[in-house]
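Beneath this line is the structure, given in structure tokens, with notes to follow.
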Amino acid sequence: MALRSFYALVVGAGPGRAAAIRFSKAYPVVLIARRAESYEDTVAEIRQGGGQAIGIAADVTDAASLQSTFDTIAKELPDSKLAAAIYNVNGGFLIKPFLDLKQEEFQTAYFGTAGAFFSFAQKTLPLLLESVPDSPHPPSLIVTGATASIKASAKFASFAAGKFALRALSQSLAREFGPQGVHIAHAIIDGLIDTPATKGMNNNVKDGKIKPEAIAESYWHLHSQPRSCFTQELDLRPYSESF
Amino acid sequence: MALRSFYALVVGAGPGRAAAIRFSKAYPVVLIARRAESYEDTVAEIRQGGGQAIGIAADVTDAASLQSTFDTIAKELPDSKLAAAIYNVNGGFLIKPFLDLKQEEFQTAYFGTAGAFFSFAQKTLPLLLESVPDSPHPPSLIVTGATASIKASAKFASFAAGKFALRALSQSLAREFGPQGVHIAHAIIDGLIDTPATKGMNNNVKDGKIKPEAIAESYWHLHSQPRSCFTQELDLRPYSESF
Amino acid sequence: MALRSFYALVVGAGPGRAAAIRFSKAYPVVLIARRAESYEDTVAEIRQGGGQAIGIAADVTDAASLQSTFDTIAKELPDSKLAAAIYNVNGGFLIKPFLDLKQEEFQTAYFGTAGAFFSFAQKTLPLLLESVPDSPHPPSLIVTGATASIKASAKFASFAAGKFALRALSQSLAREFGPQGVHIAHAIIDGLIDTPATKGMNNNVKDGKIKPEAIAESYWHLHSQPRSCFTQELDLRPYSESF
Amino acid sequence: MALRSFYALVVGAGPGRAAAIRFSKAYPVVLIARRAESYEDTVAEIRQGGGQAIGIAADVTDAASLQSTFDTIAKELPDSKLAAAIYNVNGGFLIKPFLDLKQEEFQTAYFGTAGAFFSFAQKTLPLLLESVPDSPHPPSLIVTGATASIKASAKFASFAAGKFALRALSQSLAREFGPQGVHIAHAIIDGLIDTPATKGMNNNVKDGKIKPEAIAESYWHLHSQPRSCFTQELDLRPYSESF
């Protein structure tokens, strides 16, 4: 497999599929998901469209699985450098009265979002730093947040704790690695995403769910910003969403 | 002058010039500034590049001047509808101990930002609403904010009061007109903009000032977002800026 | 009239009455309101309880009226210094579609909140600075905000603009005058206040409206904080209020 | 030991000692710390002053230790109900470049702040709910936050992640349990606390470190707020601190 010199990495579902397709217009793309079924179609679609893509089944919340993922990437794309990493993992979404939450659920939500991102960022930041001198756009780490990243509603304790922590990480990393040329951005997705999983929800409002392709386009815009003009945080919300 | 069916309106300096050039790739552009010198070159540059542009000298903080501006636009572009309005006015920037501030200075800062925007929004929103059914992108009102929009530093009382109020307006309008299909976005410019006015400031850091062209590109991105995925607020900051 | 050496100043209605009563336990109190009817009962009540109080009818949004107020205070309390000023003015509360707002209404909202506070702060800050060396508690300027100080809802454009600006002022002044020993605090009142004006609203929830006496107690707490431990901002909200 | 019918629970050092002393004016106090040395003096001091106090050595980040703590309390104070719980644990404070952080450090920061609070809140909330009908003040859960609760600085990634998550929990719980009559408050301590641990730091500014007694007084004020007027969040900062 002879890939070009920079690649993009997309972890997780939701807007992940569309982000992979969008970034494949510029880079070979590595898709990571727990199960191969989650990325196979996307990989095929990218290849049919003339792009390059590989998929790796991995659990990024598991250190060993994460390590093996990066070993695989190094083998598959030996001469490629990381241009953009998109972290799009919603670990432990759960709406539940606080006193009914199990400690495991809380920990799963935390480690499935902030904890896994910690490991993911430790793996990707050194790669992104290496790309600073010659990547076509400032190397980027883009993180998908949610309404719960800035507002902790009743019964969202575990999910919001993870998402607040994830936002803290993205903010701290932006302050540490921004001056080194790496662009770290956090997107607050405030609304349902229009995926098969939300079919039938909110279905009376036209365009009332966020198109994944539109998120992907905004992520690409973030990636394409020159270093004189980085966005650290933006919200993405359907016109019809009350906020 | 036979302009196409939608136009963009750009008020004010700073990133205004670059925004006008960027939006002129898609629309005829109307530039508004106090003095003709502020827009003449830009109008000429756009025309030389094959785009369409007109300039109107007006003081948007003055109701009569604002009215006459829109009368002129209606005459000059009789068959055109408003696709995007960019409000980029920094009235009354001033760093001064609070007890040295004159009431006039405070009022100037307030009316030069929030007050003028109030009038501007009242003029443009009906026009933007008319464009909802058939404009190429959701009609947009994009507002330039600053660090002082979210943080009121010592000695920035008057400037911050105006900028906080401007942000309040943009937020309230987004909630009222977003559901009607108009996209209202607020950009927090956190850093110096690389214009002739800031020449010599901060000059030791490469790319340490925001390129107006990059702001313009982000504004275009905001305008191009479909209504399923509007950004209400984003920050724009040089990689080297501490925040 | 022989008042003790420090006095408190309370401007405006809402929680103003209760604040005056609370502060009168420690200081003579000057009440300012537009109409004498607004403070007469409170002045009488304080006097009956053995406290000292005077009322002054004035429009603090008017410069001349404000000046005359401070002239009167200087005459009435010649040997007293200002210990605490409570600014509790809700100018221009209005819920209205943006396009129905008149420019005068927008200006009134501004002058009745941020604009009037600007003048009020310019009058009181020099007095508060004079009290730093020997006042019983750090001299305080306490500002009453609202939900609209941090969230600009649809149809709240003018009110929120004024309240955002007021918050900006309080924040900037805290940063400038805090280090000089003056305590500037901003309270976000998030809910209805239980006054005659809100009688009949929200009446099904016990304690669902904020007791003015409780606000007054929190204001007194703010005033009593030593300079090693100032609160700049706090929210005050009924237990039953959703937020 | 015959204690009165309501008690307060104070976990952790920093302002914990002063909070215990302040709350002991009204309630018997249970102090919890890892090592008996941390509370022995305080317990003795409270007793000498005529108050009632017991200390329990426990690691609240450990589920078994936490359970045994509450078993001990139930045995020692069989007829007492919980009036106030103060959570004052700063697990895993660490300033370190992100790529030097170990995963264990990140996890420790989490378990020492948000994770431990999760368990602590699950133990105390049922007790606080039981106290709603007859406690002298609304039963309270007061959480100590820090600057890093709202701003994630460079090199503060692990600490800020824990503190952001802790804030999320306090906010979500306030929304869930406030309407049931339990007061959950979060204090952002923005500055050094004047304890033996900070001796010699910042020592040129008089009152430039926060007095623990002042924090304790604010915590008592929070606890004493009636349910019509709860504060969910406030900041506490020396007058001289820049922010």
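Some points to look at:
Residue numbering begins at 1 within each chain, and the chains themselves are lettered A, B, C and D in the order written.
Definition applied: contacts are C-beta pairs under 8 Å (C-beta built on N, C-alpha and C of every residue); 3 or more make two chains touch, one makes a residue touch a chain.
From a predicted model like this one, the values you see are computed outputs, not experimental measurements.
Where subunit C touches subunit D, over half of the residue numbers in use are shared by the two copies, so each contributes mostly the same positions.
At the far end from subunit B, in terms of centres built from Cα atoms, lies D. Averaged C-alpha coordinates give centres for subunit A and subunit D that are 35 Å from one another. Put simply, the C-alpha centre of subunit A and that of subunit B have 31 angstrom between them. Rounded to whole angstrom, the centroid-to-centroid distance between subunit A and subunit C, based on C-alpha atoms, equals 47 Å.
Residues of subunit A in contact with two or more other chains: 175.
Arrangement of the chains shown, judged by which pairs touch: one closed cycle in which each chain has exactly two touching partners.
Across the assembly, chains come into contact as A-B, A-D, B-C, C-D. Residues 138, 175, 178-179, 181, 183, 194, 207-211, 214-215, 217-218, 221, 224-240, 242-243 of subunit A touch subunit B in their complex. Interface of subunit B with subunit C (complex): residues 63, 97-99, 101, 103, 106-107, 110, 114-115, 118-119, 121-122, 125-126, 148, 151-158, 160-169, 171-173, 175-177.
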